[in-house]
Structures are given as structure tokens and as C-alpha cells.
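Each structure below is given as C-alpha cells.
After this come two complexes, each holding chain A, first together with chain B and then together with chain C.
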Partner chain A sequence: MTLKTTFLGAAATALVMAATAAVAEPALIYDLGGKFDKSFNEAAYHGAEEWAKETGGKYKDIEISSEAQREQVLRRFAEEGFSPIITTGFSFSTPIANIAADYPDVKFVTIDGYVDPDGHPNVLSVLFKEEEGSYLVGMLAAEKSTTGTVSFVGGMDIPLIRKFACGYAQGAKAAKPDIKVVANMIGTDPSAWNDQLKASELTKAQIAQGSDVIFAAAGASGLGVLQTAADENVYGIGVDSNQNYLHPGHVLTSMLKRVDLAVKEAMTEGEDLKTGVKIEGLAEDGVGYAMDDNNADLITDAMKTSVADAKAKIISGEIKVHDYSADNTCPALDF
Partner chain B sequence: MDRMPAWADVVLVPLISVLLAAAISAIAIVLIGENPWEAFKIMVEGALMRSSGWGYTLYYATNFIFTGLAVSVAFHARLFNIGGEGQAVLGSLGVTLACLFIPWPHWTLAIIGSSVAAAAFGALWILIPAYLQAKRGSHIVITTIMFNFIAAALINYLLVNHLRPMGSMEPASAVFPAATHLPSFHDMFSFLGPKMFRGSPANVSFFLAVIASIGVWLLIWHTKLGYAIRSLGFSESGAKYAGISPVKIMIIALLISGGLSGLMGVNATQGEAERLILNSAEGAGFIGIAVALMGRNHPLGVFLASILFGFLYQGGAELAMWTSIPRELIVVIQALVILFTGALDNLVRWPLESLFVALRKKES
Partner chain C sequence: MDLSTIIELLGSTVRLGTPLLLMCLAGLYSERAGVVDIGLEGKALVAAFFSAAIAYVTGSVILGLLAAIAASLVFSLIHGLASITFRGNQLISGVALNFLASGMTVLIAQTWFGQGGQTPALGDVRYKPITLPFADTLEPVPVLGPVYHDLISGHSILVYVAFLLVPVTWWVLYRTRFGLRLRAVGENPGAVDTAGVSVARLRFTSVLIAGLLCGLAGSYLSTGLQAGFVKEMVAGRGYIALAALIFAKWRPWYALSATMLFGLLQAVALRYQNINLGDGIIIPVQFMNVLPYILTIIILAGFVGAAIPPRASGEPYTKER
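Coming up: the complex of A and B.
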């Protein structure tokens, strides 16, 4: 394009404009938790916004408000010609599997969900190895702990959260084999993702049991965990996004799950999206732990080297982190 | 009742209330910088002008009819069952167990089996609160709402640890066998055109809800039991004096109420999701209270109010899809409808009553 003469350039611009008009817009559907949950869905929103800012592109997004709307919104968006249609949360996997065949020209993305690529050639499943990222923050927790007890606060007792907890416990026990890991879940219905008060109570109870590092994987409830940890002068660990800035000096680190990158990538690829199954682990930088100015003083060089060493070993396959969802068991923690 | 004709009580009062709620909603929409007339058009077009829109409206309405009837049956005995949510979830569990573990040859048999299971599980879930209310006087409002949380915990436990297929990340049961799938409106009415109700979840259980409405009407106004329930509601001591056992009638009324809530599972779980999901009742138990209030505890009123709320749900989804009106505003509109038809009922009733009285004086 840079070599074109001015009048060719003008013609080319017109062509490009015509081409963009024909390109389908991407769409993003948030799970029931809603767009601004300061966690998982919001990470997806940030990814989309970043894409829009960089490319000047437009996208459509919607927060659903009932289970029956999952299929409804997917169908309506597919009929309107949006593509790719990106969804957050595992609950979208079944509706996508049900309808994908009716819209072969539309590409669907399920983040955290799994749709069998055989028979669904237009679906991309993006899965994260949460256990690997949690393993690393578990090691950091155990090495930071002076009481010999660390703990975990989950939102709801669902397999995904057990996956986080199991990775965390494995990492903690790898760093200090005799460490005690306490794990609790906040609630049994979806309100558990947004109950900071109960999260705070659980955190206090865990501190009373001796815990001095607490990992929260509980959506917006996690903010209550981090707040209480800061108030009680112990350490919290954030999740999904980098939450180190919330209470500088009291958030040891955050377990990153790069939903934003996954959304951005899918939108960038647009209609040429490669479908199938994408697994994002440490090797792909899909998960990890956050280091910035806010926690630089909390993590010693010795901790850094041991975690970097473990990370390299996980990537090379020397350390195998057990995935709870593979066989519904956890070697390091009882549920 | 003697001051106002029945049609005004049943039709005019709710209608004016809804119009007032709509007017205030319109102001709210203007305040967030959107056009209320456009919004109203999108809601009507999305919910009522397309057959698939009706498919969603009627699907939601079916849920609300069941839970609304449940609240009204209990209310005729002056008992306030706000545990519809938990009973519906348990009903869904009954449906799930019936569909997964009994090899049904055809859906016509499966729907009978699953309805019985749904009603039985829903009724079972209110048995303890009902006993505690009737025998020990523990307030039904407190116990039923607490049972909602127990139900959520139970379902979560069963889904994560027992009913979830191996390797699945989603806390949901396996998909029901094909023979138990209920025919959707699309299957039933496709002779009217291939696109009729396409992709919408309304299914044959809507007719189950219609039957249930007629059944409740017969029960409350045309049976001895219904008479006993109503007399208990009007005066417990009066009922006792007439030889009615309050304990027995209370428990029976609540069991019927729980069973009706449970039947919602046939629509949501067997008809729509075709598997048990974590969030299967999703608030319909509470909407049932609003529907019963608005429908003045009469099955026909409940039916109409359910359609209105189905319209609000489906129209709200359309609003969220095609405008930048946030989904929270839909909740505001629903809340206004509930506020005006339920809590502020007398705001409309009193002026209307005095108007009728004045008119009558003039005539005489």
C-alpha cells in the first residue's frame, strides 16, 4: 500500500472501505454474571475494547439475563450475520453445540467451554490450564507463609473452581510438603459470585485457623477476601485480572487468566478464525502470575527463582500439574 | 366488591396500574437518553409480532403460571409460600431423575411420569415447612425461603458430585434421552409454516399449565377441599367451628402449592433445557408472587399476568439485544409493574371506587 501512487491510493481506500463494509462485525455475549463483574466477564470486555481501540472496529455486546436467552441470543446474532460470536463462561458450550450446525457460515467461540470439534467445524473452544497458574501462586503462598497454613476461597463449588483450588494446593505442597491448605466455598447459588460480606467472614475464619495467605477465585466476591486480608494484615492473592493494585503491599500476586487476550485474538482473526480447541497454559502465556510495582517488595529473589524454575519444568513437562477436571480427583486436597 | 362492578375490579384496576407503571418506565427511559416509544416498539415487535417471539413469551409465561398458581393456592388459605424457587428446583430434580433413569418409550408417557415426579418432589420440599407451620406455628415465610437455599445447595451437590457426566466442566446433568424430549411449538405448529415458532422454547407443557389453571379454578371454587381452604383463609376459628381441621387443610393446601411450583420443572427442564442445569428456576419462583398478586389469586388473572410478565421478559431480551438500554432497566420496569399492581393497589382502587360510587348515586 505504501508504494501506491496517490490516485491509486484513493481508489484503494475506496476498495478497503467497501471491503470493511462487507466484513461481519464480531459479537460478544457475557455470561449471567454481567459485563462489569471486575473479573472474568470484565476481562473479556477489556479485550474487546482494546481490539476496538487498536483497529477502530466495532463490535456488538450483550449481557444475557436468563438461561433461555443463551440460545436465543446466539441464534439472533447469527441470523443478523455477526461473526465470530464470542461467549464467556462454560454454560454456553451446550447451546453453541446445539445451534452451530444451523449457521455454518458463522464462527462461534466458547471461552471456558468445550464443544467437540468433530461435527462442529465452526466452533473454537478456548480452555485455560487454570491449574498451572494456580500451582505457581500456590508455591508463592507457601513460601510467603510464616504460619504454615494457607487458604483458598472459592465462589461456588463447581468443577472449574475446584480446578483452581486443586492447582493451588498442589503448588503449596510442592513448595512446603507439610503445609496446611484450607479451602472453603462461599455459597451454593449464583449470588455467591457477588457476596463480599460472606467472603470476608470466611476469610476471617480462615485467618483464625492460622492462614496468612489467601487465594480468592470467586468473581466479585474476591474483592471482599482481598479487603479483609489487607485489614487483618495478611496477604491475599487476586484472580483472573491483575488485582495487585487493589491493596498495594497486601496482595501477594494475582493468578492471571488472559481472557482479554483470547477475546482480542478471536476478534483480530475475525472471520478467518481458526476453529477447533485451543488450550492456553503457562507455555502459551494464557495463565500466569502478576508482578508489578505493587508487589515487587513482597516477592523475594529466592521465591522468584523457585517459581521461575517450576514454570520452566511445567512447560517442559517435568512437573505434571494434576487437572481436577480430568478425573474429578485431587491428590493434594479433599473436597 | 359491592362498590365496584367485577369487571372493573378484575380488568380496569390492573390495566390502569400497568399503564401507570409504563408511564413511569417511559420517564426512566427518557432519563437515560433513549426513546421510550422506540423501546416499546422493539419490545412489542420482538415479543408479540413474530411467532418465535411468542414462543419465548409463552415459554416464560408457562413458568410463571405454575409458580403463580402455587402462590395463589397457598394464599387462599392465607399462607404466603415464597419458596416457589426451591420447590421448582426440586421439581426439576424430580423431572431429571424420571427422565434419566426410567426408559420411557414415548414422550406422551414420559410427560405423565415426569409431571408426577415434579409435583411429588415439589410437594415434598414444602412438607417440612408446612408441618412446622401447621403444628408448631413456625412462620411459613421464613421456613420456605430458607428451604430455597437448602434446595440450591442440594442441587449443586448432586450436580457436581453425582449427576454430572464424567469430564464435563459444567455443573449440569447428562442430556435426557431423545424419547423424553417434549414437542416444541415449532414441532407442533410447523404445518402452519416452516418458520412457525422456530428456535423458540415454548413447548407442550404450556397446555399442562392451562390444564393446571383450570384445575386450580375447579379446586378452589367447586370442591369441598377448595371451600375448606378458603374458609380457613377467611377465618381459622370460623373454619374450626365448622368442623374443618386447620392443620390438615393447611398442610394439604401447601402440598398442592408446592406441587404446582414443582411442575414448572416440566417446562424449564424437560421442555427447554432437556437436562438439569444449576440455575433451572432462575427467579420464576419469585415472579410467581408478583403474578399471583397481580392476578388477584384467580387462575385467569394469574394466566393473564403471566403472559404480561412473559412479554416483559422476552421484550426485555429484545431491548438488551438491539438498544443500549441496560438489562437492569428491564428489572426496573418489572419492579414498577409489581409496585403498582401489588403494593400500590389502593392508589388506583380508591379513586376508582369513589368514582363508581359517585356514578351510582347519580343514577339513583
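Coming up: the complex of A and C.
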């Protein structure tokens, strides 16, 4: 019995040593919207692919399929010796906070989530100033609108998504003070990221209320919004990734959130990852709006100038965009 | 609330209610013949997938629809084989089919298209909205014009098919010999057997009709309402259709009103989210979403007249003991 225990113990130690001796590979965990949502998670995937191509490195990735898997997958990757373990979506912040202390040698990255850096020295929280990017696409929307109404379709009703909506409304009202902004959320549970049917019904309802530019911040559901906008011959605005190519001529622009850069950076730093909290805004090029061949004809020069101007003013601090999550209120929009 | 808002809301009701109606009628045929079908969800899901996948590959909506019906019929056959031929538990067979559909669609989609369990966007390969005759000329007529133009006209073909199927179902069930036998086999299969009519054949026929209708429902979801398949896109509508079937007490015309009522509830929940009644009383959106289930429970509890299922439903028929 004792002998057996010793043997097993020695074997276990040898295994652990073998695991830690090699350079740890990074791992990437996607949120419920799925790897190919053409938006938020797909941006993370592209960042990782770019890193792999440039460095020849290898990484492991997984799509979770239910809430219960979050902690399981995190623990499994941590035990297998992956580091850093990068997660997308705010819902990972709680499971990471729960388990980070058990794996002090593993670094965790939560994109969109916030984990208190004081109690968790091995966690990096990457946050974006979504309100700044949304402000700019809100200006474009208002300038493009001929009906005087623009709208917003959010995924799950959480402060993060309200942050998008609030920035968008502020931008729209800055460009045209008398514009009407309609905002709706698809749902209150994670299935809202994957319900294109509800998304397109909401879009139809908003178009009936006069909206002719619709900003979707709804993960994979947003595809339903853009599709309906194209079907009904109005404009949609994509989110997170550049979605202009989905319906050329009907996607006004996309509010970019450079999740790809954040993932690539974290993978490049690897085990030497600097932990803490990182906030990416317009000044850091963490957010922005997409311009390419697909929407070149939709954006006039006057619109370009006014947005570029606003962008410079936000970076210099002359325009302050209110952050919904700071005090859970929005000056430009009632929820 | 003005007329255009009401029309928009009712239009939304029709779009959301049609898949429910098709699946509810499917369940009606199946359960009236004594086979409980909890696998409506799964059948609609495989149908939705094959409809979008085949429509994308071939560029033909009709082929997509045929593929959807074929896939759904295969699932029906499995259900029939397990629960009619081998007298297995109908609930378990249905649940198993739901799980099979949920996993299989994503797996095949990933293998074929490599886009994470979705089909590529279909673009224009979809059911086109049908403009009924005179819709445009009649539009200026007050009240009736907009109702005809925006509410009755402009849906895809499957919506009209679904609505036509209600009187057809009523006629089949209550005015034909087949319907009489179908209802009898759900109440007292022994009597039908004594009369020399094959119980198994009748039940298989009704289960296949259910498959056909689920095929239409799935095809409408992925190729009519949406432009492509995404995983779990039926999203529990199969279960809501079952609830509607109980709510409708297994009758065709009631099925129409029950599914449209549930569709209206969903449309209202989507459109108005939290409803403010004034004086600080707010109905949260979650309440609207659970209302179909609450209503069904109230019906089941017998508050609004008893809902009595076909007597032999859920029980496999054994010829001799």
C-alpha cells in the first residue's frame, strides 16, 4: 500500500514536471454565441489564427455549449498546463474569479469581463470603451437616416450591451439633436445571442416605427438583423468584426471592437503576460468603425469628415462619451 | 395604438404563429391516432437544417423543401418503428429523436460547411413573399386596404398553406372515413381492430402526416423567416406547439386560435418588452414569455373546462394479451 502510494506519487510528480517543463501553449475559450458568429467570437478566432500563422505556434480552442461548462473547461485547460487561457464574453469573469487562485502558475485572460486584480494576481481583464465606437457609428447612422429615426437591437439585456446602445444614442443625437432613437433587446438569457428569428421580428417592428438605420449588437442574432435590414431595403450596422461584406450596400458600417488584437497580443506575450486591467478605447485603436469597398459608396465625404473630427475630439478629451456601466444611467436614451 | 401598429403586431403574430400552427397540427394528427409526439421539435430541427442546406447547395427552394420533408419523414418512421411496431415508450422515443436532431444537425453542418454548425447565408434562395391579387390597388381603401395589403398579403406560400390546412384538417378528421378511423384508433384501438382495420397502418399514416407538417414548419423557419440554419433554431417552439395542442383540446380550429394567441403573446413580448401599465406597475418581459405555459397549466388544471386527451394516446396497442 505504502509502496504503491510512493510509486503513484513519484509518477504524478514526474508527470507534473514534464507538463511544466515544456513551453505552455495558449488556449482560447469561446462564449455561447459560438466560434463562427461572424462577430465577437469570430474576431477572437481570427486573432488567434493570425498569431499562429505569424509565429508558427499552436493553440487549443473550444466552444462551450452550456453555462455549466464554463468552470469545467477552465479547470481542464488549467490542469493540462495551458497558459494563458483566454476567454471571450463577460460571463467568464465569475468562473475565472472562482478558480484562478487554484492555479497560481496559469494566467487567465477575460475579454469583456472584469475580475478584481487585487485578489487575483494571475488574471488580465481586457475591457473596451464600446461607448466610443458606438458614438461614432451613431453619428454615421443619424447622418445617413432620411426618416429621422434610427434604432438599436441588443442581444441579452446586460449593462455591456446597454453601453453600446447608450453610446450609439449619444452619437446620433450629437449629429442630429432631434433624431428619434429606438432601442430593443432580444432577451434576458444567453439564448438571446442565438435567436435570429426574434432579432428579425424586432427589426421589422423598428422599421415599422420609421427606423432606416439599425445597429445590431447581438452576437449571432445580429445576422438576422442585418438580413432583415437588407431584405427591407434599409441599412444595418454590424458589430465587433467587420461585417460590411455580409450584405454589400446594405451594411452602413461596422462598429469594430478589436478582440482579435487583444487575443493576438495576449498570445504573443504568452506566459509573460502582464496581468491586471486593460481598457482599450479609440485612443488605443481598440474600437472604431469599418470602412472598406463594400460601404465606400454609402458614406459621403461630409460624413467622413464629421466622424473623423469627433474621433479626434474624443481622443483629446474634448467630447466625453458617457459610459453606461459607470452609473447605470444613460443621458440620451431611456431603457 | 394606431391601425398601422396593430397591423404590424398582427403581421408579427402570423409569422411567429405559423411554425407553431404547423407543428401543432402535426401533433394533432399524431395524438388523435394515439401516438404522443414530443419529437416535434427534433423533426422541425432536422427539416430546418436540410431545407437550408439543400437549398444552399442546389440553389432551389423546392428541392430544399422536399429534402426537409424527407428528413422529417425519416424521423417519423423511426418514431413509428420504435413506438408502434416495437411498442416502445412514445415519450422516450420522442425525446431521443430531439437529442439526435440537436446533435446531428450541428455535426453535419460543421462537416459540410465548416462554419460552426450553421449553413451559409442563403441570399435570395428563399420563399418569396406572395403579393395577393389587387393588394396594391386596394391599399388606399381605408382600414380594409392596409389590412389586406400589409397583413393578409405579403407572406410566403407556407403561411397560406398552414392556414388552409386548418379547414382541411377539420374536414379530414370529421367528414371522412379515414378521419373517423383515425379518431377511433386514438380512443379505442381494440374496436378498430375488431372492425378489421389495421391499427398499425392507421397510426403509421398519422405519424407520417405529422412528419410532413413538421417538415413544412422547419422549412419555413430556416428558408422562409430566416436565410439559413443556425443551431437549435427551433428554440423550444416544438414544445410550445405541444402546449398549444393541449390548450386547443386536440381540435383543429382551436389549434389555430391557440397558436395565434401564443404567437401574439410572443409578438407583444418582443415589441413592448417591459409593459408599463402606469402607476409604477410594470409587467416584465419574462412574464409574457412564460404566459403560454401558464395558460396551458391553467387549462390542464381544469379551470377552463377539462382538456381530455384521446383516451388511448401514449399507449402502444397490443393485439393479444
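Everything that follows uses one rule, which is that the second predicted complex is superposed on the first by the 314 of 335 C-alpha atoms of A that agree within 3 Å, B and C clash if a C-alpha of one lies under 4 Å from a C-alpha of the other, contacts with A are read in each partner's own complex, and residues count from 1 in each chain.
We adopt the following convention: a contact is a pair of C-beta atoms (placed from the backbone, for glycine too) under 8 Å apart; a residue touches a chain by one contact, two chains touch by 3 or more.
This structure is a prediction, so every number in the text was calculated from the model and none was measured.
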Check chain A with both chain B and chain C modelled on it and let me know: fit or clash.
clash
If you stack the two complexes on chain A, which partner ends up touching A:196: first (chain B), second (chain C), both, or neither?
second
Per the contact definition in the header, classify A:113: touching chain B only (first), chain C only (second), both, or neither.
first
In the superposed arrangement, does A:72 touch chain B (first), chain C (second), both or neither?
first
Taking the superposition on A as described, I'd like to know which of chain B and chain C A:63 touches: first, second, both or neither.
both
Determine, under the contact definition given at the top, whether A:147 touches first (chain B), second (chain C), both, or neither.
neither
Of the two partners chain B and chain C, indicate the one touching more residues belonging to chain A.
B
Does chain B (first) or chain C (second) touch A:204, or do both, or does neither?
second
Thinking of the overlay built on chain A, is A:94 touched by chain B (first), by chain C (second), by both, or by neither?
first
Quick one: is A:188 in contact with chain B, with chain C, with both, or with neither? Answer first, second, both or neither.
both
Applying the document's definition of touch, where does A:306 land relative to chain B and chain C: first, second, both, or neither?
neither
Once the structures are lined up on chain A, find the stretch of chain B hitting chain C; candidates are 131-139, 185-193, 239-247 or 275-283.
131-139
Residue overlap on chain A between the chain B interface and the chain C interface 34, 63, 188
For chain A, which residues are in contact with chain C within the complex?
34-37, 63, 184-185, 187-188, 191, 194-198, 200-202, 204-205, 208, 220, 223-224, 227, 246
Inside the complex, what are the residues of chain C that reach chain A?
4-5, 8, 11-12, 15-16, 115-118, 121, 221, 225-227, 230-233, 235, 267, 270-271, 273, 285-286
Which positions of chain B touch chain A when the two form their complex?
56, 59-60, 149, 152-153, 156-157, 160, 164, 166-172, 175, 199-201, 268, 272-273, 275, 277-280, 282-283, 313, 316-317, 320-321, 326-327, 330
What residues of chain A sit close enough to touch chain B in their complex?
32, 34, 62-69, 71-73, 75-77, 90-91, 93-94, 99, 112-114, 156-160, 188-190, 325-326, 328
